[in-house]
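The structure is given below, and queries will be raised subsequently.
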Amino acid sequence: MKIGLLTSGGDCPGLNAVIRGAVLKGVISHTTEFVGFRWGWRGVVERDLMPITRHDVRGLARQGGTILGSSRTNPFEGEGGGPENIQRMLDEEGIDAIIAIGGEGTLTAARRLYDEGGIKVIGVPKTIDNDLLATDYSFGFDTAVEIATEAIDRLRTTADSHGRCMVLEVMGRHVGWIALHSGMAGGAHAILIPEQPQSIEQICEWVESVRERGRAPLVVVAEGFTLPDMTEAHSHKGLDAFNRPRLGGIAEMLAPMIEERTGIESRATVLGHIQRGGEPTAYDRVLATRLGMAAVEAVYDESWGNMVTLRGTEIKTVSIAEATGSLNTVPQSRYDEARILFG
Amino acid sequence: MKIGLLTSGGDCPGLNAVIRGAVLKGVISHTTEFVGFRWGWRGVVERDLMPITRHDVRGLARQGGTILGSSRTNPFEGEGGGPENIQRMLDEEGIDAIIAIGGEGTLTAARRLYDEGGIKVIGVPKTIDNDLLATDYSFGFDTAVEIATEAIDRLRTTADSHGRCMVLEVMGRHVGWIALHSGMAGGAHAILIPEQPQSIEQICEWVESVRERGRAPLVVVAEGFTLPDMTEAHSHKGLDAFNRPRLGGIAEMLAPMIEERTGIESRATVLGHIQRGGEPTAYDRVLATRLGMAAVEAVYDESWGNMVTLRGTEIKTVSIAEATGSLNTVPQSRYDEARILFG
Amino acid sequence: MKIGLLTSGGDCPGLNAVIRGAVLKGVISHTTEFVGFRWGWRGVVERDLMPITRHDVRGLARQGGTILGSSRTNPFEGEGGGPENIQRMLDEEGIDAIIAIGGEGTLTAARRLYDEGGIKVIGVPKTIDNDLLATDYSFGFDTAVEIATEAIDRLRTTADSHGRCMVLEVMGRHVGWIALHSGMAGGAHAILIPEQPQSIEQICEWVESVRERGRAPLVVVAEGFTLPDMTEAHSHKGLDAFNRPRLGGIAEMLAPMIEERTGIESRATVLGHIQRGGEPTAYDRVLATRLGMAAVEAVYDESWGNMVTLRGTEIKTVSIAEATGSLNTVPQSRYDEARILFG
Amino acid sequence: MKIGLLTSGGDCPGLNAVIRGAVLKGVISHTTEFVGFRWGWRGVVERDLMPITRHDVRGLARQGGTILGSSRTNPFEGEGGGPENIQRMLDEEGIDAIIAIGGEGTLTAARRLYDEGGIKVIGVPKTIDNDLLATDYSFGFDTAVEIATEAIDRLRTTADSHGRCMVLEVMGRHVGWIALHSGMAGGAHAILIPEQPQSIEQICEWVESVRERGRAPLVVVAEGFTLPDMTEAHSHKGLDAFNRPRLGGIAEMLAPMIEERTGIESRATVLGHIQRGGEPTAYDRVLATRLGMAAVEAVYDESWGNMVTLRGTEIKTVSIAEATGSLNTVPQSRYDEARILFG
């Protein structure tokens, strides 16, 4: 049996651990062969492949990024795209199944390839923001939270030494999990997430109450947070001429607003790409390894069109449809819980 | 309302975060007062108390250890021990309920105090080994795994540079969770846990097969692992005259045995106390904070004799009886999964 | 004897270790008393003092920031400013000498207070950028380099996974030491520092040669780096309406320029305040502790108007004039050395 | 020109960075070729070589250990040993010079090969203990100190939570630099080093005075520390049947002695191999890279029989004789300085 692996979308700590887990599972227990498609779906539609042996995955559990490369190519586009072309390629290359590691877009495309063309595909959910339903946590999230928490720990001493308000922007375009967890872990005085718009007045009230207790306020904000009265124009402030992700978007907007209203000197820090690179935490290495192994198991079970997930302490297989379509947002109860800590 | 807090048994990263979570929850949302019993149950039976204010818990989420101190005192012993004396003390001090943070012994004692004397007590499970049922994970475990994984990462380069076999001993007297997770995360070539006795011949076979693939073998062993033919005397080798935990017990026994049988130079390292001290990971800070908050909630709910636990992503309240009595051992399926990676 | 301590200017890992070293040295070996001036020179001119006991410095070696607070107040300004007012305050408070921990501005002011008013003052150099002459290294620098290097390690995996060019901006307004050392440690493909203006053409040539070798380019740039043809306006691009340090200044300018010229997708990351907060490295803790102890020694030696410095492995006392007036820039030889590694 | 590289003796963080620095320097600026001798001098006497290209050193700055392997083989022994055989091998392999990276034994042997046989050799000092004269610091030392300091930080919370005395054993057979620096950085209450024998009574006095101040004592001891009345037998307690480095030697001896005399529960921790493996700190990466580059420079300068060293901020070339023969011990003044902090 020969399995093709691909990693798609933004990189995420643990991608290589998934690859390693899959290959070791297949090679050792079932003498399966592996190939990697380079640069995500692009390798599929452009037939850009590389063999992956046991030797190639040595030491990959702790290595950030993906040895296969990644891109945002759509498998339904381009000359080699679509189910028919892909099936022909698979037949010619002798590939029996695809394990696609990616976010909502990749998983949805994988499902569609199976539904429309019978492509034998298994999904592995990848979202550093933890925004996919049907999995308790996704790999990479724990690492991102850890890095954001370390940043909060560092910013706190600067805040205290200068009596400043520090505003830290972390990842989270549509959901606020990284902000919620790092904010709780780091003892932030306000956590701002896309699910819970807050007025600038409310934010400044929190900031001032912290100041009144003699402390330097620390605000964690997810990149996707918006003020209720933010106009379209505001929310896109920071998108540069090349239409790339904003550097210093919402945090850079909030810091001067807070300073102006409260008179407390305020500074913005944008963590950016540092959150998604480098070595995964042990938690993410274990989770990613187990998901990779389970994906190969799912191939052996011919569980096409499904994906592997974490439920409690168990790895399960669920329909991709279950995991996509709507977002895993922060529920009100979790935000209320965290809000008590704001003080 | 006034709540008394205590931490009992070996220290564990996250104890202070539980205390902080409880105090913030009580102070901010319900104007509850808190006192801490010093040195675990000893503070209860000896009436050694300290007030804990909001100011006292500042910055505690990231601080290892416990500001209350800990010991292994039994609340049924001593002059002030037993339900009657304790109830009298609580009445005189105006304390309405106790939140007891501790392992199996503490939780069982807490339950007995409630059953036999109606002492209003809520438990918070604390076990760095992750050996308690009824909670998916306990705080401190993630930190211990992270530290053990970093140690494996470091030992690997020494192993490779000298062509040596490194044997790392991690915590786990009765269950092998720390060894299992750190071994998977660090890419160990053999994981030895109490639940799965292995013969020295099997261990040496794994070690030699690693050598044959041109690599330096890395073995992770839980302190409670035993060889099938280990006599009583052997298994206690290393227990010193003061009956204290062995330093370099099983690893120091295995390394020369492996070297003698395989001819591969072998070295033992014992992580020891480093695994249980210092700053908790972000994961443990969040979990411990939530448990502390939920314990106060359980007090308000008068959920006496119960404890708070993690199930999936939710904090639940369960009967202490559910969590004690038998151990949360590594199931066969998880060991089989990990064993595939030994290669 | 009573000594007054103050910390002035931007915070820096190791400030608290200096305070602890000074207090322990004075308290234990000479029964000296200490007071701290709050918020730097502001505490001097506004007579805002706090006693510092041995108990207060417990655990401070590893704590980032400064327990005294800091500001940029000038001791020659304000109602209580100038040598005469300060001497009167010192007399009234029974303070025999001041140890001033700060950068070039603070040291120069300290010297002037001594020259013009005979104020008994000893300086401790503080510059995270390492831009002071007369000391081999200043505390905080090693920590900043370590943090920047970790960021490079993390960015590398993202760069490789996406075939992108990553541009990391680190501190260094006038000198490029942090960029030089972190760039060498992290294996950057180009290091851009204020002392060595490079044309955008040269930068793109380096970037493209990396790409041709099949790697993803990683550029480290000090915040004070300028392109030779940068106009005044450009170089201030990013200074916001409140005249605060630019967020994403030079890196945000360079990334799109590189992308436009080379066609390689490029991303900017600005480390910012994270570099100056949090726990110091062991190196900085030792250096800062020794400097604090030596400053008290210098008080006992009545070495007024001087400062303590590191030379090789020794702590020396030198005239403040030696250390100020000109900058400790990266010499050509060190840049040439690093440039070989760009490849 | 072709240069042969070798790494000898115990592994040390930064060895790979030296190799990388040398190769990049030679390849890029002078089109020099490199080969590596495998397993230290053994590769020389057994003619076990591998080519090292620029591609092979990619990413090595941050990788612990040595890609060449290491051993303690003596180049004057064995069939291929001695200057004549080695010169013949070099001639036949077309190798012009050897860069030997190692400790006192390696450097002395290198010098002897040059003195007795004219072998063109340059030394790079490697000692994690920092026990070589003629260099301010050696690479690997900073990493070891950082790891030991992190261990102290972790042990402190356990000590405080249980009111215990913790005894941490760090590396340092003949000199106490690692104990001195990590003890100062971590705020140890007693630092015990080979250069300064202390009686058990003195140690217990320090421990008790800490207890009296309400704190939990933390003792750092270098593995080579001895009590003044330690017999030969005692000092070798812990050496096992295979004559290998003691696991838990001096710390395991001291902890029960302290407990017995003071009544304070005491625990020993032995850091062991963890100190010498894994990623180097940024400091060590920069130092090692510069030394590797300078060694190639020394080859071009035909500075045979010499070694490269750090003096202040500069890399210098000195005679090997200067660096060997006597040890770089901790001077009395540095111990007195640290002792003030014991309290």
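Order of writing sets the chain letters: A, B, C and D. Residues in each chain are counted from 1.
By our rule, a contact is a pair of C-beta atoms (placed from the backbone, for glycine too) under 8 Å apart; a residue touches a chain by one contact, two chains touch by 3 or more.
Predicted model only: the values in this text are computed from it and were never measured.
Colleague: Considering only chains that satisfy the touch condition with chain C, which of them also satisfy it with chain D?
Modeller: none
Colleague: Computing the C-alpha centre of each chain, which chain sits at the greatest distance from chain D?
Modeller: Between chain D and the rest, the longest centre separation is with A.
Colleague: Could you figure out which pair among A-C, B-D or A-B mirrors the C-D interface, over half of its contact pairs being identical by residue number?
Modeller: Most of the C-D contacts reappear at A-B.
Colleague: Roughly how far is chain B from chain C, centre to centre by C-alpha average, rounded to an integer in Å?
Modeller: So the centre of chain B lies 41 Å away from the centre of chain C.
Colleague: From the mean C-alpha coordinate of chain A to that of chain C, what's the distance rounded to whole Å?
Modeller: A distance of 35 Å separates the two centres.
Colleague: Where the centres are mean C-alpha positions, what is the separation of chain A from chain B, in Å?
Modeller: Centres of chain A and chain B (C-alpha means) sit 30 Å apart.
Colleague: Return the residues of chain C touching two or more other chains; collapse runs of consecutive numbers into ranges.
Modeller: 153
Colleague: Between which chains is there touch?
Modeller: A-B, A-C, B-D, C-D
Colleague: Could you pull out which chain B residues touch chain A in their complex?
Modeller: For chain B paired with chain A, touching residues are 21, 24-25, 28-29, 54, 58-59, 61-62, 136-137, 142, 145-146, 148-149, 153, 181-182, 184-187, 215, 281-283, 285-286, 289-290, 293, 311-313, 337, 340-341, 343.
Colleague: What residues on chain B touch chain D, complex-wise?
Modeller: Counting only chain B, the residues touching chain D are 7, 10-11, 13, 15, 39, 63-66, 69-71, 147, 150-151, 153-158, 160-163, 166, 240-242, 244, 247-248, 252, 256, 259, 267-274, 276-279.
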